[in-house]
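Every chain is named by a letter (A, B, C, D, E and F) in the order it is written, and numbering of its residues begins at 1.
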Amino acid sequence: MKKVVTFGEIMMRLSTPNHARFQQSTSFDINFGGGEANVSSSLAIMGIPASHVTRFPDNDLGSAAINTYRKYGLSMQDVVRGGDRIGIYYVEQGAAMRPSKVIYDRANSSFASLKPSGFNWEQIFEDAQWFHFTGITPAISASAAQACLEAVQTASRLGLKVSADVGYRSNLWKWGKKPNEVMPELIENCDVIICSKGDAEDMFGIVPNDEKKSFKSVCQQLTERFPKLRKILTTKRGQISASHNTLVGKCWNGFEMLETKQINIPDIVDRIGGGDAFMAGFIYGEIIYQNTQKAIEFGVAASALKHTIEGDFNLSSVKEIEAVMNGDVSGKLRR
Amino acid sequence: MKKVVTFGEIMMRLSTPNHARFQQSTSFDINFGGGEANVSSSLAIMGIPASHVTRFPDNDLGSAAINTYRKYGLSMQDVVRGGDRIGIYYVEQGAAMRPSKVIYDRANSSFASLKPSGFNWEQIFEDAQWFHFTGITPAISASAAQACLEAVQTASRLGLKVSADVGYRSNLWKWGKKPNEVMPELIENCDVIICSKGDAEDMFGIVPNDEKKSFKSVCQQLTERFPKLRKILTTKRGQISASHNTLVGKCWNGFEMLETKQINIPDIVDRIGGGDAFMAGFIYGEIIYQNTQKAIEFGVAASALKHTIEGDFNLSSVKEIEAVMNGDVSGKLRR
Amino acid sequence: MKKVVTFGEIMMRLSTPNHARFQQSTSFDINFGGGEANVSSSLAIMGIPASHVTRFPDNDLGSAAINTYRKYGLSMQDVVRGGDRIGIYYVEQGAAMRPSKVIYDRANSSFASLKPSGFNWEQIFEDAQWFHFTGITPAISASAAQACLEAVQTASRLGLKVSADVGYRSNLWKWGKKPNEVMPELIENCDVIICSKGDAEDMFGIVPNDEKKSFKSVCQQLTERFPKLRKILTTKRGQISASHNTLVGKCWNGFEMLETKQINIPDIVDRIGGGDAFMAGFIYGEIIYQNTQKAIEFGVAASALKHTIEGDFNLSSVKEIEAVMNGDVSGKLRR
Amino acid sequence: MKKVVTFGEIMMRLSTPNHARFQQSTSFDINFGGGEANVSSSLAIMGIPASHVTRFPDNDLGSAAINTYRKYGLSMQDVVRGGDRIGIYYVEQGAAMRPSKVIYDRANSSFASLKPSGFNWEQIFEDAQWFHFTGITPAISASAAQACLEAVQTASRLGLKVSADVGYRSNLWKWGKKPNEVMPELIENCDVIICSKGDAEDMFGIVPNDEKKSFKSVCQQLTERFPKLRKILTTKRGQISASHNTLVGKCWNGFEMLETKQINIPDIVDRIGGGDAFMAGFIYGEIIYQNTQKAIEFGVAASALKHTIEGDFNLSSVKEIEAVMNGDVSGKLRR
Amino acid sequence: MKKVVTFGEIMMRLSTPNHARFQQSTSFDINFGGGEANVSSSLAIMGIPASHVTRFPDNDLGSAAINTYRKYGLSMQDVVRGGDRIGIYYVEQGAAMRPSKVIYDRANSSFASLKPSGFNWEQIFEDAQWFHFTGITPAISASAAQACLEAVQTASRLGLKVSADVGYRSNLWKWGKKPNEVMPELIENCDVIICSKGDAEDMFGIVPNDEKKSFKSVCQQLTERFPKLRKILTTKRGQISASHNTLVGKCWNGFEMLETKQINIPDIVDRIGGGDAFMAGFIYGEIIYQNTQKAIEFGVAASALKHTIEGDFNLSSVKEIEAVMNGDVSGKLRR
Amino acid sequence: MKKVVTFGEIMMRLSTPNHARFQQSTSFDINFGGGEANVSSSLAIMGIPASHVTRFPDNDLGSAAINTYRKYGLSMQDVVRGGDRIGIYYVEQGAAMRPSKVIYDRANSSFASLKPSGFNWEQIFEDAQWFHFTGITPAISASAAQACLEAVQTASRLGLKVSADVGYRSNLWKWGKKPNEVMPELIENCDVIICSKGDAEDMFGIVPNDEKKSFKSVCQQLTERFPKLRKILTTKRGQISASHNTLVGKCWNGFEMLETKQINIPDIVDRIGGGDAFMAGFIYGEIIYQNTQKAIEFGVAASALKHTIEGDFNLSSVKEIEAVMNGDVSGKLRR
């Protein structure tokens, strides 16, 4: 099978154990995560060949990050080493009405200071079928945006499917340009995006133009503006508490709004990476099932399972996800 | 008070801490468990003299197993040492819609290779009032089945109450005979069994013969086939998620189907051993209350509490179980 | 801003990790707590200058206690050293229908053997606006009761607001006098108390005298008996399970019964100190908002958040509490 | 084989993990220990039937203590329940030139408040061959001293060997009498004591009366004063650092001073209980080898191994101790 | 660079943390190890392409083993899945004069039941320069011995360097043949072996035939018997205690006995895998330095560093090993 | 007593537990440290009033840092909040011949971007007697160097003793100026410095000018160049291994070279901060003993004890340090 390639920053994630607050914790659990690598590592675990492209400092922390993904079968062969530091994000796990908190410390990371010339995209995309990136990458630095554009254009030219999670992060985009100066050129090359109503407004200035302020009207405008776009995804998360959410997945396929049943996600272990697990599940579904309704159902089931697993990415097998997709949410003991 | 004796394999249980997946855990918590010893150790903790009979390798792991039960007051004086290894089962604790997973590694254990002649049942049953075993024991090996039969026949002859959990385990029974070639002779000697509809079919080929496919009709056929049987127990478990179950206990006493109220079991800490805790509670109730309705109510309360405790057996006192039995499920702080 | 002063025993709290039972735990987590210091430390964390007065042994455990509070900005400058030991309380964390258990070992503590002359209350109350104590302090020993009376009278004379949590602890009051011989003189000097129906009967022999057996009628009698009293608080805790409570706060202000909406508290991490967090929140509200309705609403929000935090006191910021007070209980991830 | 009986207080031992200081530790490891139970539990682990007599509070901590010893095969059948609390001692593990620190909190324990009438010594000593106690027991309280005297006299009358570790603890003996008013009557009934030069002076006012200030001259005076005494033991500990000691064992047998070779004890894991392990080893040697030179050699080897084991008592088998006794201190991997 | 291939069983290693005894530990740390994979994973960490061939059960534990090695860059692409279980070995970490203990539970493992036809050695050795195995593999089962012979013969035929650690394990070799019926045919194909005097006698019946009973005379006989042999390695371990060893490496190159200086290894963290780290270091030295004296010096330095690292294989970089090889054993802080 | 003030960066220190390598650790222990705050916190623990001046980001990690020092009694009242991030340093604890490794990630920290105008030195030095800084501070950034100069000049003008640890850090000094352009102006205001031979050359270009290349000749040149200098300290560390060092302290007082006995430091728990503990001990000695020989002896004893304690600063009491200073390095158990 041809591989899926992702491109983006991976941060070291330092999280307090057992719901401890930052003020009281005496240790951090170490994980690694990034919106794009979360997708490709989940795919690798599901048996889809996948490779992630990023840049790490040439120290033991960079090596530890590489090893972590290699462990789960994600190819790190195209990772570049250099720069000063690995970005960090700190997580305080919430509970009930107390939200989880994230503190970012990612400025001046090895990824932010990457040199676009360091990536030979033609070679990276050899034997690849899909390229995925997120709106975080162009938000990090001018050079990251530049490398991302080169990747997208090369992927598109070579005939890969291109997908993007356009999620807008207001605490980034500090390098000089605004999202709407950068994102359109990237999205023009995309076949699939995941994009909420808010993202559409923040990134492209698109607002619902019908009475119901519907997501559908946003999708219609998006496909008009970006003619290559075939599918627009979104998820609707119900926030009952930090420990209890619900999720629905949707996909506008150009004709109709496909939608999953709502899945109940109680007793959350770790909510982070839930959206990336949905995206990975969707890509799996598109590649294997070749059925978009099934792809979003698989994506939502994958996302639900991710919430029960510590860490950024989804350590669930296809078999496990399919069981949930097929309605078995009883958690019945497997002997 | 005369003691309760149980016979069966005890395995070392290695479980991942904090809901970790097997793929990510760097340590295992050590517990010991087995369907029969779970019953007798729970009884010992409730103050009923109890003794467990099994076989362990003559190494530090066998000794650690013995010490663990001795700690809680269960007599291990009739344990035999020998053979090659202690059986193991690995547990990955699930959460929400993710099931807990069990991997068994029990083949060729010291128990499986036991010699029936190694057990002097007459002496073991001195000063005993009750013998309990499960359908797992005869499923393990020919010699285990043989020893079990000798135990059951001796117990019956000496006038002990005999009970069995007939639970069918499809991944065992690999030693040559089928359950229905072995189990009937064992159950003929029983006064009490715990047996689901599925077990009755798998073990004895008995299916409901009334329109409603009722458990009652199964019970009636069972008591016809096994005239010594006085009571047939079952539990009905509602599986809302890996972290949330419900439980009802039932007992056919030859005349009517006694039934408990449904108990709600949210925020499950460890579901394993829940059935054994019910059985232990039932035996306690029969011995102390001499009232079958109360016995199943006490059994269900005991089982519910077991779900809040890490490990295979029920570290709950009679007083605590009675509080739950009497309806106090508020979990109100005890100062 | 003028400071809030509290007076009372601080115990070392030794609790089993991960819901373990006392019988199975191999370690204790160390925290410190006491009904009064829980209030002042929460206030210090909210930015209100606060000081706690108590007595610790002159050993490393006493020093560790002092350091713990100093860490969170509570002044310990008026703590006295001496006596034989720090009182201890052991906590076994419950789950679902299994209650948390507390074992006290506080007799003969340094606090119980304090000398009233060791406290220069005039000096302690310099630059203070509020004094808070609880019914536990006079229950501990004759000398503690004596010191408490001196503190209350001095505070009252100097014009500080005086508040008390009159909570009756049946396992204390062993030093010779009964609550109703001691408490009235203390409460006479109070402006605010937190007092349940049960406390009112145990402490003052006051029972509802209307048909509905209402708390309001208790309040009316209390204000008649203690003319200085301006506000009487209580909370109504719904005990769904050890892991799930609900809470309502009420305040009789002499004219009407103010009441908060009920807040839902699922997935409890640590229930201990919930009442003290309410009291701290109320004092904060009175000082900053100068609005009693808002004060009880802030108190209930503070209490709810406390339930999500390990340890006796409330590591929540004003901003976090206000978010909950304003209805955001979604626990939505804060990036 | 007839059993060995010991009598004395057992405390809960709370120690900081990983050499942490009291000021920085956030948890305590839980062990139990007491000079006398350390001896009998070590004997039980070596396969000598042994029983310990003490008094515990009737709460979960008392039960946890009982369970801990039962785990290792020590009989707790004659333990009495009652009183207010279990005594505690806190341990901060040192390293290199930093000493380990112990904080005692044992006043008013269940043992200290025991009632001598609660122990039926004739029945306790049924089927016993040896009684061992220490100088700590009579130092705790008048009633403990009284019970100890009754035990010693009964044991002596029934023909048991009686041994004592006379070790003087200056921070006890607060109940009114001085050691030299109490100890002589106890030691009169002893066959064997462990007693350093300092103990002999503190307890009996005996000082060396020869030029060399020799321990031998102390022994000669002791045997003169206590004619029943047959053997006087002592150990000589070399304190190179908190992590490195040496040990020599000595025994005056009435004729000559037997002495072991010095054993080197580097990389100490836990030094506490080293002396008790020596005593247990000596008793084992006397019973099994019936050779005093071998008994002290076994005792020193046992003590050395104890230093490599966390906790108060010696989890070493006879085979392991004999290997060290026979000179194998290479620590060579056992496959 | 061409790769190094190893073949042999990998076991799950379960070890007690913090020097705990099996009797007291409540958890096991999880590592994986095997004499051959220890060599190839160390090489991979040093940057030499390496691949390990083995057989794992098709369950989560087999996958966890694969992931562990993949993490460190060792290729697992030729691993076969099947069979019933992963072999286990339990480790109790010793200290000072207390030896570490190992309990094996490896019978009936997936490796032991491998089918020789499952391995396509020609394909496995494509692009390889070196094949390494140990005397453990043929000792496990007839089929393992058969597969090993096929591997050795193929490697030799294809011109790979072949090396073996002939170490005799007395607790294996239970499948019917004796070492001297099996090993000679394997060693005939070897260029390099590591073989102690004892191994030579156990495996080949070769004893020193000179007056000094020298290892040299053993080597001379070995090279006579196995003409392809070019180098015979051995290490001399000084066992001061479980926590302190010394090491010397030797190599008979057909002409002279090369020898390293003795290296001091105090404060041992984990002694297991020390010999395999030496072998890996030697192979590195032969490939990169092409200088046998330097190769054994690098091997001894690598082995010394391994003793400071938890787990079976050597997480040391070439740079770190070279520093030790060049005499820097000061452990001076690297900022 | 007047206080000691220090100024410099505090970093969050993330260290691997149990000697784990960065590649294998799954968690970091959290401590905080900095060469200057290590001195003042040690002084605060010894009972000397002390205050540290630094700049932290206005987030939970900055607050956690403040709380950590407040816990130990160090005043943080003059800490400024602002900037982007807290600097980090990662520690991998070595063992034996494996060095501990440090990875710095401190660029762009809140301290590096401080504004000199943010510190009101006149007010900060009110009621102060001593100001201490290190050569790290001016190496961090131009603004840090500027603030340091203002502090030093103000302190000198106000008559405080000024001391500096001039230690040269080659991986800093990236902001444009070289040490010898900056340091002389700072040292001109110092009364006491700690300065090795290497530092003298790196910072001031001073090399020994006598035959023996003596430190004394360096000191003489230093005092000539900086006439205000009264005392020049240095330590001589013997590096036997990562776990075993020796230490000697020296002080040139203008007339003679005072020197301590060498202290042996085996079984090192944490070597970091050893030099700062020496400096703190020296300052204590100068203030309290007013005797320079005793001051360096106290300093060396303090430093030795620091090596037995996890974390950057010295949790030792004066009494403990004096015991070591007086020769008690036996580590004998303190009951």
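Convention: a residue touches a chain if its C-beta (ideal position, glycine included) is under 8 Å from a C-beta of that chain, and two chains touch if they have at least 3 such contacts.
Chain identities (UniProt): A, B, C, D, E, F = Sugar kinase.
If you're wondering where the values come from, they're calculated on a predicted model, not measured in any experiment.
S.K.: Which neighbours do subunit B and subunit E have in common?
M.R.: Chains touching both subunit B and subunit E: A, D.
S.K.: Validating interface symmetry: for the copies subunit C and subunit D, is the fraction of residue numbers used by both over half? Same or different.
M.R.: The interface is built from the same residue numbers on each side, given that over half of them are used by both copies.
S.K.: Could you tell me the distance, in whole angstrom, between the mean C-alpha positions of subunit D and subunit E?
M.R.: Their C-alpha centroids are separated by 46 Å.
S.K.: Quick one: report the Å distance separating subunit B from subunit F, using the average Cα coordinate of each chain.
M.R.: So the centroids are 63 Å from each other.
S.K.: Residues of subunit D that touch two or more other chains: which are they?
M.R.: Residues 17-18, 21, 23, 26, 67, 72, 101, 267.
S.K.: Which pairs of chains touch each other?
M.R.: A-B, A-C, A-E, A-F, B-C, B-D, B-E, C-D, C-F, D-E, D-F, E-F
S.K.: Give every residue of subunit E touching subunit B within the complex, in rising order.
M.R.: Spelled out, the residues of subunit E in touch with subunit B are 14, 17, 21-23, 25-30, 59-61, 63-64, 67, 84-85, 88, 90, 92, 101, 103, 105, 107-108.
S.K.: Can you name the residues of subunit B that touch subunit A in the complex?
M.R.: Residues in contact with subunit A: 18-21, 23-24, 94-102, 104, 169, 171, 239-244, 267, 271-272.
S.K.: Mind listing the subunit D positions that touch subunit B in their complex?
M.R.: Residues 67-68, 70-73.
S.K.: Which part of subunit A faces subunit B closely enough to touch in the complex?
M.R.: Going through subunit A, the ones touching subunit B are 17-18, 72, 263, 265-269, 304-305, 307-311, 315-316, 320, 324, 328-335.
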